[in-house]
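Pasting a structure below so you can have a look.
As written, the chain order gives the labels A, B and C, with residue 1 at the start of each chain.
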């Protein structure tokens, strides 16, 4: 840290800014696209028949039960073997998005399922169409069940983007490693990297806990 | 009798998978009639109600509403005209009482919101719960919740009200308040079909009575006759057990 | 593929040790967070928050490279193990914390009024109910921890993922080795999930809801 001022600090800030921005960029992509895809899959699972549901479940299960790092390693080598030419960051991003989407789909399905059948019935007998039922009755209630897990996963994915450093993408962790290779002083760098993650994640986790509390209040 | 025929079930048969839950069910309801449906648990009373407002399909027979076959109406028309109250009220927990009452008329019937609100307030007065306008369902007692459920269905201006054992889940001291609302509606001329265990209430407030057993109509007639001079053995047995 | 199986063994040892030791420590931290002593409360809260808001990968690098730099040379296996213990302690303490205080004093009072000794009260009333709440998330945390061992590959711990990667690079076995490794992970995670469901069903049947 206070090793030598000038070079160290400037490089530090620059690299970390690059790294951090990539991390944030990846996280945002994962959360926005992943939530959308995850929501659609989760919702589909609630209306699909048993057969399709099982098929979707198999895919979701595999993605969630395999270490993210292996999925990233596969994503790294697979395009080469298939002869497709895509950037590592794209391949990695796809994996991360799918990973987040799989988790989301579980949360969404559990959330929708948690709304009792009686609510559906009551809504239906008042004349609401399926879409109206979902929009005004079911989803508002499902949302409250989804929030705790969802925010937990969203927070997790921000941290999980760190794994993409293993296949060479320069995000926060990787940028730290690059600096270490120059300064040969790992300890302070890892401290700083940890600190940066903490600064980003901790407020979000506070917010998510508040949301959780608010979601509990006002419902039975 | 002699009023306009508003509802008719003709030889209705319904199966749940292989369970024959409604057997050649027949019923004629005229406008303004107040019917009590009694019978042991599992006799198909609730199912019959759900078939009337097409929440459940029937396999054979016909249901006529206002002279037309049920299948000739759109689902929307059916739900607008036939209101149903469930045993566990099923209020929407994430909405206030007022929103519970206005949501359906606003979104389904596309009535402008201020009209919905006006009507909601009227209905709240009618069931005696104006002071609960902005409360949430979990803040209500069972009896209050059930009355709100009735108000919610009334907000759609139905022509028939179906009550599915609406007091069975309530503590005894709360039952009266709900029954009063049902009775008042009946007196005002609302065609009502009330599945109930409250025999005393049936005797007091209903015109006709149907005893159902095992999916079949065992006995049917004016309430006085069925409850005081039951002709069917099973009716007698049931009444003895219950009273 | 005994080479791969060796990796499975190592992965298992890491996961189990990390989980058990971490949970043990987690119990103390859970109580620490509720303690009246500000120092205990503050430090355990900080510990938990730091662990939960930083990536596991950073923990791994920190313990291996970071400590190495100040002269504490730790073999990669133990660095990973320490990271796992720390992670489990952090997460398990929250899970355990969710189980404390769930039993209302009234229940304890009525159990005592029935004549049960404090020990019996703990054994028959408190612990079963706490377990019911704590067990499913704990098993889920074990699964997470098991998957987390895969990060050993970055510091050279010869666990499952490392071996798959090694085979992949060496033999150009295309992606087979990764897929085989993935299969192992999936099977173990699945078993954990099914165990959780099984226990839930069996235990749940015993206890009716807590009202």
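Convention: a contact is a pair of C-beta atoms (placed from the backbone, for glycine too) under 8 Å apart; a residue touches a chain by one contact, two chains touch by 3 or more.
Since we're looking at a predicted model, the values are computed, not measured.
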Third chains touching both chain B and chain A: none
Identifier of the chain whose CA centre is least distant from the whole-structure CA centre: A
Most distant chain from chain C, judged by the mean position of its C-alpha atoms: B
Separation of chain A from chain B, taking each centre as the mean of its C-alpha atoms, in whole Å: 48
Computed distance of Cα centres, chain C from chain A, in Å: 21
Whole-Å gap separating chain B and chain C, where each centre is the average of the chain's CA atoms: 53
Contacts with 2+ other chains: residues of chain A: none
Shared interface positions of chain C, touching two or more other chains: none
Chain A-touching residues of chain B, taken from the complex the two chains share: 53, 55, 75-76, 79-80, 83-84, 86, 88, 90-94, 103-104, 107-109, 136-138, 152-153, 156
In the complex, chain C residues that touch chain A: 49-50, 52-58, 61-62, 65-70, 143, 147-148, 150-151, 153-154, 161, 164-165, 168, 174-175, 178-179, 181-182, 185-186, 189-190
Contact footprint of chain B on chain A as seen in their complex: 118-119, 121-129, 132, 136-137, 140-141, 144, 218-220
Parts of chain A lying in touch with chain C, wherever the complex brings them together: 61-62, 64-71, 73-74, 77-78, 81, 155, 159-160, 162-163, 165-166, 173, 177, 180, 185-187, 190-191, 193-194, 197-198, 201-202, 205
